[in-house]
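Several structures are given next for inspection.
The same subunit A turns up in both complexes below, where it pairs with subunit B and then with subunit C.
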Partner chain A sequence: MNKLNADTARRIGLSVAAPVLAVALSVVITSIVLASAGNDPVETFTQMIEYAQEPRTTTLIINAAVTYYFAALAVAFGFRMNLFNIGVDGQYRLAALLAAAVGGAVELPKVLHVGLILLVAVIVGGLWAAVAGLLKVYRGISEVITTIMLNSITTALIAYLLTADKLAVQVEGSNNIGTPEIPASGRVGGIDLVPDSKLQVYGLIVLAAIVGFLYWFVIERSRFGFDLRATGRNEEAAVASGVNVKRMVLISMAISGGIAGLVGMPQLLGASYTYSLDFPAGIGFTGIAIALLGRNTAIGVAIGALLFGFLDTSSQILDLEGVPKEIVLITQGVIVLSVVIAYELVRRYRIVAQQREVGRQLSSAAGSEDSKPQGAQA
Partner chain B sequence: MKPESESAGVPAVELKGITKRFPGVVANRDVNLRVMPGTVHAVVGENGAGKSTLMKTLYGMHKPDEGTITLNGEQVVLHNPSDAIARGVGMVHQHFMLADNLTVLENIVLGAEPKRWGGFGLNRAAARTRIREIGKQYGLEVDPDVLVENLGVGDRQRVEIIKVLYRGARVLVLDEPTAVLVPQEVDALFEALQVLKAQGLSIIFISHKLDEVRSVADDITVIRRGTTVATADPKTVSSRQLAELMVGSELPSPQTSESTVTDRPVLEMKHVELVKDGRHLLRDVTLTIHAGEVLGLAGVEGNGQAELVESIMGMRTVDGGTITLAAENITTWTTRRRREAGIGYIPEDRHRHGLILDAPLWENRVLGHQTRHPNTSGPLVNRAGARADTERIVGEYDVRTPSIDVLASSLSGGNQQKLIVGREMSGNPKLLIAAHPTRGVDVGAQAAIWDLLRNARAEGLAVLLISADLDELIGLSDSLTVILRGELVAQVDPSTVTPEQLGSAMTGAGEAA
Partner chain C sequence: MRRVTKLVAVAAAATFSLAACGGGSDSDTVDSGDSPTSDIKVGLAYDVGGRGDQSFNDSAAAGLDKAKDEFGVEIKELEASNGETDAAREERLRLLADGGFNPVIGVGFAYATSMGKVAEEFPDTQFAIIDDETLAETPNVTSLVFAEEQGSYLVGAIAAEASKTGNVGYVGGVNTPLLQKFEAGFKQGAEAVNKDIEVQVKYLSQPPDFSGFAAPDKGETTAQGMIDAGADVIYAAAGGSGGGVFKAIKAAGADHWAIGVDSDQYLTAEADVKDIILTSMLKRVDTAVYDFVKSSVDGEVLTGVQRFDLSDEGVAYSLSNEAAIEPFTAKADELKEQIIGGEIKVSDKP
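Right, the complex of A and B next:
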């Protein structure tokens, strides 16, 4: 039993080793880049960390992370099944536009109104992703290709729909156009999570936590999740075990898209109340990086989302200090790369170590059994 | 048996005391091999005897744990295949390593391109000349400018051989080269080998087709259970003697005891047809397996066995006929429903179809039984139940593992297979499909798996047994059916048939029983 505990300890140690290694590596590389550009790395990092501790910045970091979390979970859900949903970007933008249009067009009691908007977003995101799923299942087209193409189609579709005679109205006092503002009954108020901050944390952080828990529960504890993980790890064995892989592809793609539909919601229901031309775009791609960073687990992705939120938000201080804030892009890129490499190294090390362990235990056991006559029991 | 002193001169290849261990198994133990220049040296042995491991050692794909490799009298350490190539060892893999969308010339020079324009250009003219020279010298003619995707299997193999010669190989390792060839192509290959031999090259020819080995080889080394057990002279040895050397005499025999066959049909297939691209993969297959009966399906690989199994499992949709399990028509059922109805499946390729290698054992226990007690309750996985039942399987089926949390990839082939057998016997199956159940497992595990199959049969299970090991088929089966080109062509009585008769029935050469 002691031995097992030691093994468990080592396993936990190894799984912590990888991300720590990765972050350390990226800090080192970023420092080298900073130093070679004539900036003091220690100074730069200190500034970013100090800036992050200001209440206002902390709130912004959390808010960015909430949005990133949905995007990364959407991507991660597909990844667990070897599905590459590159189309989260298009899915959330289309979902946000249509949800905003519906939300701005009706007057309902609070819970129903918010629920309706969220439901529209999930359904639109899910259906839009299901297009790629259908094409994969019935035409064998890689979802990587279709989701990328659907992103472009989304951009065109939104440009078409977001016009004054379709879904949009002129925003007062500007050239911007957007959907009619969602009335108060459809908005989600903020939470005073950070003391002394004038800004509030998105109320939908609660939804993010719920979705994160459901993600973990479905993937790790449910039969559906087992089928999903089995398909991701060995599709042929999954087929032989009775998994209907085509159905799984369709459902998983739709769920991934459904989660993607929520990406724009914190912004829409908590800040802008309208989908206008300047609605944030490109979050889907950040989600891919965070999913990789968080190894597709609910907790890992949450940490990754906070880290990216920190880097994005804190970098704002750098320009004021004369350091190009684009330096964080390098850090982010290096983090993702080093995480992938570090995890792969640790994974291989673990497999080899385990095989050696099994081999050693069994060969010492076999030595005593070989002398016995052949006796297999059933 | 050939005395060693007969061969004079320096051997082109000499392996001494090679031992290679993998987790849980010793793949090669004290292997000795001497190949003289200008000879064809056959290495024969059963599936899983360790031939491929040995050749990978010679080709530098892994380092031996013990022993030495000597090439032309010089002891060498090969770190990777490039080392081996540099020392004149070339390998033609069983599965061709060619890029279909490149020309023959491009495939041949790939990785060893003659350069021009300061290293940026491919000197096609030089390559073409070189390839034509090789073609003339060794009688291996092939048009360098044709796309590989347009070539037949025999030509592709020729390209592989030229590729190796182009890199200056003096020792050619051919891994089961005839497995994919039709008889005419085999003859052409053997002619080419004679030319290569006459030019002083050495050829190591790996095979388990004994007649071919005897006709082409100058020397034969037999590998059994990871070690070289004998050398033989192809002129004097008979195929039967070779087979005995390969199998050994102490092998436990797969005899069944008294018959347990009942008259209760479990699986009935009637006029099952499977057509793909206008070709019949299965034609008018009709068979019945009763409770307590082991039906053996004999056939050369690739004659529809895999398709038959996948039809029963519901992994393929049949194009005609009906499949009935315990009086229920399951022809249109999904794989999961069929499994729930009581079909157990030991797949032919356990790594591809039977296991998730990078998942722990207990998760592999759930695989294929995702909807059943004790693995799941309702829509949730019952981790405690699945783990407890995995412990039971590990104990009852003697799976040698330190814990149920190790990854399936850490176990040896035999233990992986015992886990699969245990899993598939769980949940009271009615029908068990066992495809090559003892392939690539060590002798101890083989005997254990045979026992398990016998017990299953005694408990009234219907078993469909597919195996390339004819002794296993004959020994375990209550009735035997021969499959040839997707058709069931003969019924033979396992109590009277010999492996030779069965073998000729499988190739359609003669009538058995």
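Right, the complex of A and C next:
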């Protein structure tokens, strides 16, 4: 029993080692860059951390993380099956636009209204991703290519739809253009999660937690999740054991896109209530980085989302102190690259450790069986 | 192993797209030599691209620099990130207001929502926003807006006069309502001179992709396509992409003209293309920023909606390419007077 616990502890230790190593490495490299540019690294990081501890900033970090969490889960869901959904960015923007248009056009009781908006977002995101899934299944086109291309198509489609004679309204005196505002019944209020903060945490943090739990449950505890992981690890073996890979690809892609559809929802239902020209873009790519950092697990991704939320939000203070805030882009970039290297190092270490372990067991087994006339050599 | 390689490729792509919003510069404070000094601290929050974009932001920076040199005000400039949320913009404005900067200037309409909130929170700080007038009712927000369609009307008329083929082009940076004002004015001006003129219209990118303001290669290809289709005068309302349009016009040879935008591009463009820049539609963001800071220093800050148009030279066409523009000034000035007098109404919708 003790040995089992020790094994579990070591396994957890090893899986935590890689991201921690990556983050540490990126701090070192960022420090070198900072120092060579004439800024004090210790002071810079201290400033960021102090700023992050202000209640307002803490709230903003959590809010950023909620959005990132959806994006990273969407990417991670595909990754678990070896599907590279680079199209999260386009999926959530199209989903947010259409959900905003529907939400702004109807008046319904609160629960129904919010539910309808979320449903539209999930369906649009899912269908848009399914396009890539269909092309992969029936035409064998790599989803990496199709999802990247679909991102561009999304941009053109949104530009077409977001005009005054289609889905948008032009406000007098503004150079912005957006969908009609979602009425109060379709909005999700905030939660006072951080003490002493005037700002509120997005109410949809609850949805993020639910989706995170479902993600874990479906992947780790359901038959579907088992098939999914099996297909991701070894497609031929999965086929041999009776998994319908085509169906799996299509469904996984749609679910990944469905989660992606939720990315814009905290911003839409909790802050802007409209999809306009300045709706945040590019979160899908941040999601890829966070999914890598978080090893595609529900908890790991949550921690990664908080880390990226911290870096993005706290960087604002740097500009004020005369340090270029683009420095956090270096930190984020190095994290992503070093996390890949760190996983490879940990993987190799694990193999070596396993070999050593097996070797030890074999030799000790051989030693004890020497006395017997015929040892089980197998 | 293949999986890992694939992951690296994806990660690298993601990082580059994150890093693509780079740019940036340091902000500085005034030195107290023999230059004039002032207690006023001016905070300025840029639009995406920031100082060094050779366009809109740079124009604001020029106005700020001029005010700093002249009055010795302390300045602080903060940069925006691509694709950021309103919460981030709000926080940027709040940091400035909280740091005692007064006035605080937001460059670009994207600051409208966030400035509305922060202005309420800091009633004793004067704010200013460029290119937006939705906050006209907020007492401590000054709206600095421009009649881009009027200036574009004049360069449209000049383009139509200068064109020998009866075919002119409009290259817009990003397809937004703001840039559509330029397009609308240009078209109306061209048609006022020659009602049969053909106006080709192309935008380099669609929002939220704002790369069209910084893609000289796209500008060049697009302009080349227009020239091939018969255009001989092209209006480049595309920020940093205008350089590509100038190149294409230069390559097309004699009797082809380009028209610049925002600043006087005859003075700022590369030396080898400047002779083909007939004129530029001047949008004096620098004047607006300078005037606003000056009013603050003088103690009688400008408030409400400050509209910059032809009558106060807030928009204008440039005369620095003297020999080239000379034949067209008479007609342009006549139209200008008619617009100021109200005889010509220029619509801002294409």
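What we mean here is this: the second predicted complex is superposed on the first by the 355 of 378 C-alpha atoms of A that agree within 3 Å, B and C clash if a C-alpha of one lies under 4 Å from a C-alpha of the other, contacts with A are read in each partner's own complex, and residues count from 1 in each chain.
Keep this in mind: contacts are C-beta pairs under 8 Å (C-beta built on N, C-alpha and C of every residue); 3 or more make two chains touch, one makes a residue touch a chain.
Values in this document were obtained by computation on a predicted structure and should not be read as measured data.
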Partner chain in contact with A:Glu326 - subunit B first, subunit C second, else both or neither: second
Touching partner for A:Asn175 - first (subunit B), second (subunit C), both, neither: second
First, second, both or neither for A:Glu107, with subunit B first and subunit C second: neither
Touching partner for A:Ala230 - first (subunit B), second (subunit C), both, neither: first
Subunit B versus subunit C as contact partner of A:Ile288, first or second or both or neither: second
First (subunit B), second (subunit C), both or neither touched by A:Ile317: second
Larger contact residue set on subunit A - subunit B or subunit C: C
In the complex with subunit A, residue positions of subunit B that touch it: 21-24, 252, 313, 315, 334-340, 345, 347, 352-359, 363, 366-371, 376, 379-381, 383, 396-398, 400-403, 406-407, 409-412, 444, 447-448, 451-452, 455
Subunit A to subunit B touching residues, read off their complex: 4, 221-227, 229-230, 233-234, 236-244, 351, 354-359, 361-363, 365-366, 374, 376-378
Sites on subunit C touched by subunit A in the complex: 3-4, 6-8, 10-15, 17-19, 21-27, 76, 78-79, 81-88, 91-92, 95-96, 99, 109-110, 112-113, 131-134, 136, 143, 145, 175-178, 206-209
Of subunit A, residues touching subunit C in the complex: 56-57, 60, 63-64, 82, 84, 86, 93, 144, 155-156, 158-159, 162, 170-177, 267, 271-272, 277-283, 285-286, 288-289, 292, 312-313, 316-317, 319-320, 322, 324-326, 329, 332-333, 336-337, 339-340, 343-344
